[in-house]
Every structure is written in structure tokens, then in C-alpha cells.
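Right after this note come the structures.
The same subunit A turns up in both complexes below, where it pairs with subunit B and then with subunit C.
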Partner chain A sequence: MSTTEAPIDDPKSAERSWFSSLLKLLHISSIRNGFRVAEIDNRLLGMLGALAVIWIVFHILSGGTFLTARNLWNLSVQTAVVAIMASGMVLIIVSRNIDLSVGSMLGMLGMAMAVVQTEVLPNWLGIGHWAIFPIALAFGLLIGALIGALQGAVVAYVGVPSFIVTLGGYLVWRGGAWALSRGRTIAPMDRTFQLLGGGSRGTIGETWTWIIGAVLCLGIVFLLWNSRRQRIKFAFRIRPMWAEITVGVIGCGAVLGTMFVLNHYYMAENLAKRYAVEHGIAYPAGGLQIPLGLANPVLIVLGVALVMAFVATRRRFGRYVFAIGGNPEAAELAGINTRRTIVKTFVLMGVLVAIAAAVSIGRLNAATSGLGTLSELYVIAAAVIGGTSLLGGIGTIPGAVLGALVTQSLQSGMVLMGIESAYQQIVIGIVLVIAVAIDSLFRKRVTT
Partner chain B sequence: MNYRKLIAVGAAFAFVLAACSSGAGETTTTAGGGATTTASGGQIVVGVSWNNYNEERWAKWDEPAIKAALDAAGAEYISTDAGSSADKQLNDVDNLISQGANVLIILAQDGTAILPAVQSAIDQGIPVIAYDRLIEDPDALYITFDNVGVGKLEAQAVYDLVPKGVYAIIKGNQADANADFLREGYTEVIGAAVDSGDITICCETYTDNWDGAKAQTEMEQFLTQENNNIDAVLSENDGMATGVVAALEAQGLAGQIPVSGQDGDQAALNRIALGTQTVSVWKDARELGKAAGEAAVQLAQGAALSDVKGVQTFHSPGGNDLTTILLTPIAITKDNLNVVVDAGWIDQATLCAGVPSGTVDACP
Partner chain C sequence: MAFGGVHAVDDVTVDLFPGEVVALVGGNGAGKTTLIKTLSGAHRADSGEIFIDGEQVDILGPRDAKDLGVETIYQTLALADNIDAPGNMFLGRELVSRWGTLDYSAMEHATRGVMGRLNPKFLNFKSSVSSLSGGQRQSVAIAKAVYFNARILIMDEPTAALGPAETAQVGELIRQLKAEGIGIFLISHDIHDVFDVADRISVMATGKLVGTVNKDEVTKDEVLAMIIMGKRPDETTQQDIEHLHD
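On to the complex of A and B.
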């Protein structure tokens, strides 16, 4: 992201009214130049644009159901599982590896957690014991980390290509999922465990949704302020003030707008009646509108994405991963323990798959041995649509999450329109290739 | 460089193959030549070619039933396992014949790929029984559960509760002929009501791999689209019903909207006891094994296809008139849950997990 031609603002000129600068922007001949000055990521902007187009088209074609609070709330929950895994896949692909085993791993870890919580722990603790949830989850996370460590170690220390190792894993873990249950469906899940999957009880409610929105908003402002402060401190080029404020306002607006929409999806009538009875409220004639707010899976995605983005961009480990992806030999010669770093990326991936598996079985309230079939392809597609380069060294976590949202929007929208699954696959396949094609054409133009 | 590319392409191809074969169902590949027992001459020898013995069902339910039927007639049982490979199954059939089998029971991995082997066996005067999966050869005897009948039973149980209203239909894998047989059965039951306008079908879709999680997303979208105005759901199997019920649960509608299914999954039977699923059509694999064993003995004793007990003509999707034994499945609802308990299909503790006592007869 080099901006060599951008006009340089020194700190003093930044003190000038941003309004006059905004006027100046209106005179800038090329919009692209304006983005460059504002250091706005063109890619991300392009994806948001594509998403907006997809949403509007579906809204029109579905006769006005797509852009309703209810459908957008559905969409947020449906995206969660793939988004969680995609944020880990970014680091794997950035370090020039691939993980084809995530779908099968999801199936096996989901099955393992399901068996532990329905058939093992109740024998010792009794059904509905509070400790079942933390033990089952911890067990899943541990197994996920171990599987990741195993695959990563074979890739990094034995030197088997990750394609082959995880292709093996693809078969092994799927078989494992079947063997754990002999093909049975395991249901129902522990009451607390179900909360991980969202559903009617698994949301945080209106107040907390606004609080989370406010915290995220403050976070954006803080990051902008902090990066400006750092740049001034080290006498780096800084963004013009108008750009800072525009980015802040748009970012905050998007966050609060999302929370606003999620708070406008209300508890279903039947459940609201039940709620009224439980809380001793008389059920009003016009209906009781209880906003559901952020669903737990979405909260988990937010947490995962924030942590992963922080690790990827602000921690030494993340820097190493990008360095290895950029040039493995140079990274090694620079003294980076490349092997250990690779193993760590796979461990992280395993843990994220375990989290995704927990969300998945919580949501379905059951574990089936086919759980997660083909999801490795959707995860890789999300990362790649989100701008991760299969050549390594390039990729962002927010991009991958957005990529997951794009693919899920296409799928959910097509179901709303009643398009058959065979055609859904065709559309998604074409979109994947087009997205990457546009991206590589765009990159070529930028670099030459 | 070219060499490397070649390896990459080869690996990708292998991956696609692996993905395809595992998409066909829950299969785990098995190594080696499979279990083979040798026959002695002079009596009835029935050769069974399993496509994939690793699936729990065959060893646990089907094989003992076939063996019992053969034992009763004093016939001998030999078998091979193709380990999900259509190629290997062709060789298996030859091997069974050279081991002296005079009747074959084939559970086909691929109903088309097996045709040459079936034809060559019939040319040698060895009758062939297509077990549970269709083989498009008019000279073979096809034994299966009546899948159109399964669809009819599913629809009937739901239709009895909701004779008028809005129906959503969740179908299985589009590539699987069974998905359409089941749908045909639905039409036979609710078709007239659809034509008269009593029943409206708001939404209908196929579901890749009969995947429960996918069905959940579909059901959520249907409920969104119809603003929860759906009165009944016809789901073609229990795995997808799991997803449908989870989606209904999130709207507080589970237990109020009838949901169908089939297979007698333990989780589904539990849902029936809980009241969140209406019906699961159960195909007793032991009945299938028994029928195949008995038919095999009759064929070995020289009966013509049309003389075998209980046969009828079945017009196949491939346009052939096949001689068929169609077994009738049983619709399990909350009123006859004891059938599956008595058969040893499920134990009472699993069936009644979380069910308040006294709500259904099977859970006292």
C-alpha cells in the first residue's frame, strides 16, 4: 500500500479546518486519488460495493424480503461458522500453505464434543450439570489444537506439503467423525451449549448490543487517534484531518447501523408470549416486541476477528507469518523460526475449527457425521474472495470475514428466490473465479 | 517446472475424486480383499456382494437376516466387500461365481457400472437380486422398500393433522432418484388438495447431501419469506428434519408445526417422543434381508422371476419394467413408538431422554 504520489500533510497543516480540506477534495480530479490520500483500502471498498449490489439485487428479486431486519439477522448467524474458520485460513494461506481438512475436522470435533456432552459426562455429572458445557468445549478446543499441531508438525518438520497432509486429514477426520458415532446423529445438546449457536435464547439483547456497538465505535476512534499520534511522533506522513474524520464517521456509522438493524429483529410471537408468562407480564394486545440484538455466534465472530486481526498485524507472530509468506528463504535467513511459526498457524486453525464446530452443533442442536461436508471449500473461497493471495504474503482478516458474508449472502438470497441448489453452486463457483480475476487484473495494474 | 505442475494437477484430480466418492454417502474406505468364505459344492450357495461393508447397517441388521433366511433353507452364505469401489465390485461378482455361487445378491455401488457383470452372470444361468439399490436390468430381481410408499406415509401422517394450509417441502439430494420418488409419494397424498387450493406449497427445495445444517438454513429462509405463516413441513428424511426442527425451535414453533422424516434415526425417534417431530418412516432392514434370502433360495431352486413370492412389476426411471419385491415401511408416530423399542432398534432410555413421563405411551 504505497502512496508515493500522495500530497504530504505535515502536522501543522493538519490543524487547519478540515472543512476547507473537504472542499479541496471536491476539486480533486480523480476519485481514486482521493481514496489514496485517505489511505482507504480500495479492495475492501470494492468488496463492500459488491456486497451492496448483491444485497440490493436480491432485495428487488425477492420482492422485498432480503433487506429486512429478520433476514439480515439470519444472514449474520448463517455466516458465523465459515467466517470463524476463514479468519484462521487467512494465516495458513498467507504462509503459503493450505488446509483442506477443516470441513472434516469440523465434523469430527463437533461429533467429539457432542458425544462427550451427551453420552460421557452425564454419566458422571448427571444431565444438565453446569460443568458439562465448559468441559465439553475445553475438550473440543484441546483436540482441535492437538490435531492442528500434528498436521502442522508434519508439514513443517517432516516437510510433507500441506496440500497432501491436509488431504490425508480430510479423509482421516471425516472417517473419525463417522467412527465416533457409527453414523448416528447425536442430539440434543446440553442446554447451555445450545446458546453458542444463537437461536431464540442465544442472543445478548438490546442493551448489550448497543453497549458492544458503542465500545466498537470508541475502539475505531481510539485506533484512528492512536495511529495519528504515533505517526506524528515518528514524523511519518499523516492523513489529512478530513480523511480521519470521514473514516471515523463511516466506520462508526456502519457499526451502529448494524446494531440498529439487529435490534430491530424481535423475538417470535410464540416465544414472546412464553416470555411474558415467565416474567409475569400481561401480554399486550399489539404484541410484545423484544429486540433480540446480536446473536452469540456473531459475537464470537467479532471476538475471533478482532483477536486474529490483532495477532496478524500487531504481534511478532503475525509479522513472521507474513514475512514467511512473502519470502520463506529470506524469513529464515533473517532468523525467524519458520517451522515453529508454521506449526503455530495450524494450531490456531485447529482451535478456530473447534470454536466453529461448537457453534455449528449448538445451532443445529445435533451432531451428524456429515457435518461440515464441503465447508473447506467455502472457507477457502471466503478467504480468497476476501483478498487472500494463494501465492502467499497477502491477506487480511476483515477481508476474509467479508468474503464469508458475500458467499453466504449469495446462498441465502438464492434460497429466498427458490433457486435450486445445483444452480446455487454454479453461481458461487463463477463468482469465486470472477472475484479473483478482477483482483489479479487490479493488482497487475497497480504494480505496473 | 512442468513436472511440478503435473504433480499439482494430479493431486488436485485425486482430491476431486475423493470428494466425489465421499459425497455419495457416509463411506469409509476399507483396505484389502474383503471377507470371503469358500463354498463347498452340491448345494445352494448364495453369493452376496456388499458395496461397502463398513457402514454399520449391513453388518448389524441386513447380513444376520439374510443368513438366518438361508440357514432355514440349508443354503450356504459367501460374501465379498467392494469397499465403495465400483471397479472392485465387478471383480467381486466374478470371484463369487468362480467360488460356486449359484445365486447372487448385489448391493450395487453403482447401478450402471455393475450392469456388464450382472448380464454375464445371468447369461451363465445365475439369477441376480438387486438388493436395496436399483440395477436397471429387467432380468434381475429388485428388492427394496417402496420409496414412493415412504413418501406417501410421510405425507399422510402430516396431512391427517393439517388438511388445509401452507406446506413447505425440503427434498434431499437432487442427484439421488429417491428424492424424486419420495416427492412423488407426497403428490399422491396431497396432490388433490393442492389442486383444489386447500393446500398451498409456499416453498420447495433440494438439499445437497441431505445435509441437516443446510436444511436449517433453508427452513430459516422459508420462515423469513413467509413471515412464519407455514402450517406443515414435509422433510424427506430425519437428518434434514433435525435442521428443520432447530429452525422452528428458534421461532418458538417446534411442536406446533408437523414435521415428517424417515430412517428411524435415534435422535428423530426421541423428537417424536418429545413431540417436535410428527413421523419417522422406518424401514426395517431385517425384513429386507429376510425377503432377499428367501427369494434367493426360490431362484436357486429354479423358480422363474415372475414365480417368486410377492413380486410385482415396477416401471423404473430408466424405462424398464422390472420384477420387484416392494416391502412396506412402517410410519412411526407417537402412538406406536413401542414398535421400535420392541424390535430392539432403540433402547427406551435413549428414546425417552428428556421426555416428561406420561406424555407418550412408550415412555411411562
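On to the complex of A and C.
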């Protein structure tokens, strides 16, 4: 190995054919060099590595039940609610604020949508009317946006610290959830809401799963091609072709691999039988294997994460949020309307909480006044584990979604191992602190 | 301009002509920074008038000042440390594509263009400005003002954080911008810097204007006397000057 090793800083090494470079990737120092040349985000890679370790360890400890299509499919659905909210929390924390009220808001918005769809709209439209879903959802989104606007305005225009405003919100909205329900559990939900929550019927099926996978792959290729074209247009340094191809292949491989796994979890037998009856198919003796594919909540996470990442990195608004987090005074002096920007981050957060609430009540097929209790902490933990700095200015949407996946993986893995929930909390708490400690040590080493 | 009951700047008049450098000097708390912050839109004046090219203008915020061609380089540089050089240069005035998305390549291209003129050694366009040296950060702040074609440039202690070589560079740059017809307000503690580049010197003390003098008509000692004693050159006696050197 060492005899074929090229010096790491040899500039020509980047221009070698990508085949010989791939061979070089077999060596660890060259891997780091390869990543540097390929301009891949180190932090994201570190998280992916940590996730891989967690998955493999749990797979071994749980006696081979973790890395199964069934468990991974469930994991994807369980991650959804926290992931949706975490992608909004990133912008809040990046702008040096915090939102402690999201768990309570989730409870109240879920309850509000549940009451509207079961006790208000059926009186006017009749039970099971198609318009119940859009009206109830729109109602939830509107209330979410208004709550966000209210909290954001108090933070930005009145000048009350967001910690206090949302601590107040934490109590107010939880109380609101109780006031709406008077302690009742409201069930069942409208059929379309149930589909939103995932479950055996709430998936898009095998074909659409592959189609989504293909679209995502095309998107990756387009982004790579477009950035290369831009860099060529302005005569900037471009990545070597082998790096482009490697990034593209790895990205598409990850997407299609995920779709492949999700398409290998099948509908439960009794549901498959009913499916066969409904679709006039004879139920075969060996059982009917109907792939579930991408669950609706996961599809929503994908959509939310793409939109939020676009807003955060490609729009002026996102740039302003990061500028405020980096230096609020500089943002102000640059003529940015910092107050309006802050309000917008809270409005976005409110809308995302409403989406998460809709998914939650759909998945439970019920709304309880305790819905979302403690989830603000999991949401903040996901964002922070995903590399968002509480000092502001630093954070990414994909990181937060990965952070949500890491926390959920830990929880699911411990459930599979039969660990009591008290110990689960202890472990997740410790992991949160260790993750941030590693991150800050790493940052210190980089900057000095 | 008053904060609470305190008048930070009161009854001060300064003029600036194209291609001229007017230095604003004075001790701490003299009101220099407050004065220029009202010009740059960071503070709103309680009373008073601002004329540009003979027309009265209202500067209610940083945006207004920039729209009128008033660019400011703050002592703190006012950079967002977590964002790269092109991002800082275009902060608040980002270039966007047809679809309203940030045009990173165009911004980097423009930044490379300006930097090529100002500081050809500057090559770090991708990392956040927190990783840059003091001089490089200064270059970013100056590049901003130059790129957007300032007519009036306000420099608040531009050399406070710089070494001798970089300070000389800034002096050279000021002369260059002056030659292009830009009017410059220079705030400085360093009397030598001021005599190096300024055409006229306005001295402030306790929120009031002591006086404005032509550089060629005064000595450094006389200006020091204005700063410390608040006396105009015609009021200063030889005894006062000797007093300064005690």
C-alpha cells in the first residue's frame, strides 16, 4: 500500500483518473484528501459515520433485528415529527433565539385540528366529507402561523428574550390544549388525516417510491451539473471529474438504497388480505407481499427539508437569518430588517409545528391533551446534535434531520433491546452532551 | 442627537467636498462616532439637516444612506463572522438570479474583481471571515464600499487593528479613492495618520465642534491643543502649546 501512496499535497493527485483515485481511497489519509478535494462537508460525514456506528452496534446488540427493512421503515416514520420541527428550529437557533413552546404548540394545534374535524365540520358538511381534511389542516396551519407571528413579534419588537416568550408559550399553549379538550381524548380522526400519519395505508407504494427516488437522483445530478457549469462560466477552480462522479454515485446510491429498503417492508397479512379483496385479486397461498414503500410522513419530511434547505441557503431570507446569528449589529448596519426576519423565523416554526401536529394526530388516530409533551427538548436536541450552535450563526437543515434520525435510532435501538424508558432518557441525555462536547472540541482544534 | 437627557452631539456643522478628506478628531466621548452614525443611518438624528449635492435628504436607516451613496467602514468592521467574504460584501444587497435565488457565483466573481484591485494577495473567498487576518477582514469591509461606488465614504478608525504595513496600505487606498473624486470622512485617534491624508480637520469635544481647520495652515501641536483644551488655533497661546508637552 505504502509504495503506491502519492504525497497528500501533490496537486496533480487530484487530476489523476478517477479510477486510480478510487484505488487511492482505500488508504485512510487519502480518503481525507479525497473528501477535501471533493469539498464534502466534514461535519455531515461525521454524523453519517456516527449513525452507521449506532446502527451496527444496535444490530449486533439486538440480535440482528435493527438493520431490517421492518425496523428501518418504522424508524423513518418515527423520526418524522421531530425532523419536521427540527428543520424549523435550526433557523430559530441560528438567529440566536430558542423556541421552547413547540411541544405545547404541537399539543394545542393537534387538539384544535382534531376538534375542528370531529366536532365542528361534520355538523356542517357531514361525516367523512372530502373537504374536512383541507379545511381542518388549513385551520391548523393558520393558527400555527399566527402563534408564531405573535411570539416572534414579542421577541423582535417588544424585546423580550425568546427564552422567556416561549417559556410562557410553553405553559399557555399546553393550557390551551387542556382547555380545548377538557382532558378528553379525541378520536378517531378523518380518513385523510390517518393517511398523513403513515401506517400501512399511509404510504405511496412501490412504484411511486422508485419514482421519488429517481427524481431525487436527477435532482442531485442537476445540482452537481449546475454548480459545475456556474464555476466554469466564471472560470473558478472546479472539482476534478472523478470527485463529481464519486459524489453523484454515492448520493444516488444512498437515495436508491433507502428506497430499496423501504420497498422491502411489506403490508401485514390481514391487511394484505383485505387489500386483495378490495382490489379483486385472488389471495395466493404463499401470502401476498405488497411493498409499503415511502410512508407519507417521510415524504413530508423530504418536502419540508428540501424547502427549508432551499430557503436557508438559496434565499435572501436565509442569508439574513445567518447574518443576524453571526453579528446582529452588522446585519442591522447592512440595512437588513432584522426584526421582520426574526418574526418570519417564528412564523415558519409555527407552520412546521402545525404540519408536525397533523402528522402526529394522523399517526395516533387521536388527539390527547398531552400530545407533544417534552418534544421541544427532542427537537432542540436534534438540531444541536445535527451541528446547530446555540451561540448562533451555524447550523444546517440536513444536519438537523440527521440529528433527529440519530436520537430516534438510539431510542428505537434501546426499545428493541428491551431497555426501560427511564434508562433511554438517561442515554439520550448523555449522548446530547457528548455530541456537543465533541463538536466544540473539534471546532477549537480547527480554529486554532 | 441626544440619548436620554444627554446631548451626545449638539450644534455641529461639517462640510465635505468631492475628492476631499475631512478628518474628525477628538477625545473619547467627543461625539465623533455619534455624528457619523447619524450620517450612516445607524442613529436617527433628533434634529438637524443633511444636504448631499445641495439637496436636503432624510437618512432614516442604513438603507437610506447606502441608497444615497454613503458607505461606512466601521471600527468593528461590522462583518458577519460566520459568512464568507462575498457574502459579507453583498450583505443586504445580494445578487440574485432570475428566480430570486442567491447568485453565489456572480457574487464571488464580483468580489474577486474588486479584491484583485484592492488586495491581490486575498484569495480566501470560500471560508468564513472569522478565519481571516485583521488586514484581510479590513479589505473585505473596504471592498464593500468600493464595489458599491460610494460617493461619500466614512471610515471609523480604519487602521486601529492594523500593523504598520497594512496601515500604509490603507493610506494609499485613501489617496486612490480621493483621486477618484470620493469624499471621505476619516475618524482617527492617530494625529500622524490624520496629517498624512486629511485635507481639513474638524475637531470635536464634548459633543460640540471646536473648529475646522485646513491641514496646511496648522501644526500638529495646534490640533492637539484643540483636542485637549478645546481652543481654536487663534485662541491658543505659546504657553498652552508648551503646557501640552509637560
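Just so it is clear, the second predicted complex is superposed on the first by the 417 of 448 C-alpha atoms of A that agree within 3 Å, B and C clash if a C-alpha of one lies under 4 Å from a C-alpha of the other, contacts with A are read in each partner's own complex, and residues count from 1 in each chain.
Criterion: a contact is a pair of C-beta atoms (placed from the backbone, for glycine too) under 8 Å apart; a residue touches a chain by one contact, two chains touch by 3 or more.
Just so it is clear, the model here is predicted, and its values are computed rather than measured.
S.K.: Following the superposition defined at the top, how do subunit B and subunit C come out on subunit A, clash or fit?
M.R.: These partners fit in the superposed model.
S.K.: Answer with first, second, both or neither: which of subunit B and subunit C does A:K233 touch in the superposed model?
M.R.: A:K233 sits against subunit C, while subunit B stays out of touch.
S.K.: Using the touch definition from the top, say if A:G199 reaches subunit B (first), subunit C (second), both or neither.
M.R.: first
S.K.: Tell me which of subunit B and subunit C touches more residues of subunit A.
M.R.: Between subunit B and subunit C, B touches the greater number of residues in subunit A.
S.K.: Looking at A:Q411, would you say it contacts subunit B, subunit C, both, or neither? Reply first, second, both or neither.
M.R.: It touches subunit B, and subunit C stays clear.
S.K.: After lining up the shared chain so the two structures overlap, which partner does A:S421 touch, if you call subunit B first and subunit C second: first, second, both or neither?
M.R.: First partner only.
S.K.: Nearest 10 degrees is fine: what angle do the Cα centroids of subunit B and subunit C make about that of subunit A?
M.R.: Computed from the C-alpha centres, it is 120 degrees.
S.K.: Taking the superposition on A as described, I'd like to know which of subunit B and subunit C A:R191 touches: first, second, both or neither.
M.R.: A:R191 contacts neither subunit B nor subunit C.
S.K.: Taking the superposed arrangement, what is the smallest distance in Å from a C-alpha atom of subunit B to one of subunit C?
M.R.: Superposed on chain A, the two chains' closest C-alpha atoms are separated by 20 Å.
S.K.: Identify the residues of subunit A that lie in both the subunit B contact region and the subunit C contact region.
M.R.: Common to the two interfaces on subunit A: nothing.
S.K.: Within their complex, state which residues of subunit A touch subunit C.
M.R.: Contact set of subunit A toward subunit C: 230-231, 233-234, 236, 310, 313-316, 319-320, 322-323, 325-327, 329-336, 393-394, 447.
S.K.: Which residues of subunit B touch subunit A in their complex?
M.R.: Contacts found on subunit B: 11, 14-15, 18-19, 22-23, 26, 28-29, 55-57, 174, 203-213, 216-218, 220-222, 224-225, 228, 238-239, 242-243, 245-246, 249-253, 256, 265-268, 270-271, 353-354.
S.K.: If we count contacts the way the header does, which residues on subunit C are in touch with subunit A in the complex?
M.R.: Residues 40-42, 61-63, 66, 72, 74, 76, 78-83, 87-88, 91-94, 96, 100-102, 104-106, 108-109, 130-131.
S.K.: Report the residues of subunit A in contact with subunit B in the complex, numbered from low to high.
M.R.: 62, 65, 68, 70-71, 74, 78, 100, 127, 163-164, 167, 170-171, 174-175, 178-179, 182-188, 198-200, 268-271, 274, 360, 363-366, 368-374, 411-412, 415-416, 418, 420-422, 425
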